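A, B, C and D are the chain letters, set down in written order, and residue numbers restart from 1 in every chain.
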């Protein structure tokens, strides 16, 4: 339980898009691709963020969508921030596997460390050209990086899952890893089943402790924070909540569709 | 601070003399020669005992002189005993040094691990033949093991310090290590100074915590349990309490002579 | 696990059932009107907000689960941060989030399919406690645990549970509204937990549960603020074990109703410490986070081994032995 | 250490003296009528039974030492075992061993040559406290700390210090028998440490010290007994830090006299946490065992670094900042 929290200094800040920034900091906690941290913004909130870099210099990549995420993006180089973690199980990828990474929106942040480790083929989908992020980083590690946009402003015209289906038909992937909005992941899981390809998807639920204690992030009998956030094919098959239901802060069921 | 206490099972018991036994137990705590443990005898007391073996199988060698030590010697194979430690600094011996170990009475117990590691020459002194113990063990590791008895019933007729002086005159020792009654150690320190030989002596004081917290085992400004129990030449020179004064359980000064 | 062990040791089918019964029996406990197959329960507030999660704990080896403390209305709890790790444990101020007793009935239903469920409830007065407890009984709870001890929710928990008079009157109000056993969960943030225990016993409690978390706070040096949004929180985990053991030892000496021990238990040895101090059963909270739900199975196996090494035929034989 | 650093950085002799003064000044504290060069003191009961040992702590960087709690007569304390390690700290029941105030005068004399000494005393009634405190003043103590909080000595400490009325009357009896500042050391084993603090303030205390150890017990599973000969003991060390920080935060909010923070401090960050919570000074106990006397120097250097990184010109500027 020790060394699970640390106050770090922001040493780098990069703008990725209109509303998305990458913040870098030195932190030598061991981490694996797919793990996340809880980020505290004093007086505001504490929210989960995937690690988009996992070496001695680590990073988070944050899309400003509300009070907390915007407050994080207001942080400047030199500011301090208190993190807890790294939490979660992360992706578990055998060296020999041929892997396809499929990202939707800011979900690409969670995949970058895995792309870096495996050099796998990558699909980055977004609504429009301006929201495609981190494709330059992905290209450093991977020969094949394809993009898709809903409005066709860049790359494939359509969503990331449609593009993934095409690629799966062309190449023999052993494993698909994915992160993005839950509806997208739901259809990605379906697509993988159709093509008989194993998948590992990183899911999100409302988190309080992040450490597998409070039980607020349950999907069926599993904790997204500790048993996940990455779930494999079989687990996903067993999760009746996947793509259908979540829980609010009170623990009440909320239908997703 | 973890793993500092452990309940172990006695797996071997050997009689060393009329009133002295060695008790063996499995305990994989790391230890160095000269360290000690606090041994609890429920309902009776808790007392410090040097480790006379320091491998995965450890041992204490106990002379029955009062309630606690006799209660320890009543333990049988299969009994449980709770230990705290290992505590203290231990001997610090450079490989290259030519070492002489000088033991008085049950003090030899604290020296055996160092004798084993260095194979050094050894003097074991006691009042009479029946009280010479662990000489067989010392002989396993050391070519030269000499004994002395006050009554001349075995080996050199005289005390261990007198014998040590003779040996120091004959051979060029770099270091003398010693454990035994404080008066003996006092004169051993004097003898080393005369012969210009470095020494490291293991001292005793009444101990409560054993861990350097309570301050009951002070000699001048040093804690015997933590800064010692082994002190080197210079420290000994600076200890005005050495050979002259100790403290009782209340912290009152008691003169030794 | 137990049955697996026996299957391996005794491949003959005929023996299986009897041996199984004996092996189960060794961990079985009876206290008050309750019988549990295993002495370790899930503590309130840890992974017990949903039915599936509670069921998982029973399947992992818990003898029963205690639900998250449930109130009359849905409550989101305090804003994040609500939790942080510290040396030797956690400090939390969840703020009693819960979906309210009406919605919680569905979760109970799912959990009860797996095994016994103790309903934990919190209220701001005796009447609320009585209403909630009656609903818990309707839902199928085998006992109700009154949270008189949460140290970080204004107007609830320890704020009302530190006064023996309140404890007594709440317990007796609940007592007259339910038939199932009533347990009072006590706060250690007091100069005499024994007085609170006596008040619970006088009010008609069938057991006391000790301890809830210790009043605590964590401050960030660099950010110059208390970390939790509620500022104050409660300390749990190994750090508080010696405090819990002491509380149980004291309570066992003063009361004639059974004591349930909780606080820092993360292995069989910790559980044994509580049992020997006088606990008739125990609960595990924080360790479910650090070790996962498998902690229950590990404790069960460890206790069985300890019991055969030391000649205890039943958990009951261990209870309070260190007091002799 | 500080002067060494400056010597290296500024080889020119002329600058040396001034810079040295500034650097010292940064850690200096004034509270009540006292001025200490460094904010960290040795806590009572840790390596402070003898003069030489106390002197060593001051030389190692403590701003002052608090003596072992001293009584009227020599006392051997409880029989061993009196101490054991636990996860995150120690549990002890030394039982207030001490040579008695008459003999202790000699130890004070030696310690005082090294720096300021706060005399800690314990008694079973107001008169004993008053007599002992007067003797401590004669011995040269710069302040007297009343042990109203030791949780494991029958008839002393927390047994009398849990009642605000006692706290008030003892403090005021002492107040009228000495001229030096009177500090009250409070027990956390209470439902409201703030009430105890108010009683101390009303009685005329110039500072309160929080916290003493938490009531605790350790049982050996195999040997079926409480480990300490006294059975009960007190928990100290990192395990209790969040409890101590919370107590200081609460006290600072309720009192107008300064608070001295103690409990689980083992590095500069812990010390900063207490200062930001509202402590005007702090004490270090258990960490002297785990880290050795060098802990004082490490804390001093760490605090200095933190202060320059975060723009604090003095310790006073840090006090209570997390309360804003």
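We take it that a residue touches a chain if its C-beta (ideal position, glycine included) is under 8 Å from a C-beta of that chain, and two chains touch if they have at least 3 such contacts.
Everything numeric in this text was worked out from a predicted model, so none of it was measured.
Number of steps on the shortest path from chain A to chain D, with steps defined by chain touch: 2.
With centres set at the average Cα position, the gap from chain B to chain D is 36 Å.
Centroids of chain B and chain C (each the mean of its C-alpha atoms) stand 49 Å apart. Computed from the mean C-alpha positions, the centre of chain A lies at a distance of 61 Å from the centre of chain B.
In chain C, the residues touching two or more other chains are 87-89, 221-222, 225. Shown for chain A are the residues that touch two or more other chains, of which there are none. Under the touch rule stated earlier, the contacting chain pairs are A-C, B-D, C-D. Those residues of chain A that touch chain C in the shared complex are 1-2, 4-5, 7, 38, 40, 42-43, 45-47, 80, 82, 84, 208-216, 218, 220-221, 223, 226, 247-253. Chain contact summary for the complex, chain D toward chain B: residues 45-50, 52-53, 55-56, 68, 74-77, 79-85, 87-90, 92, 94, 97-100, 103, 220-223, 225, 227, 229, 237, 285-286, 288-290, 292.
Chain C makes touch with chain D in their complex at residues 86-89, 91, 158, 162, 187, 189-191, 214-219, 221-222, 224-226, 231-233, 235, 238-243, 245-247, 249, 264, 269, 272-273, 276-277, 306, 310, 321-322, 324.
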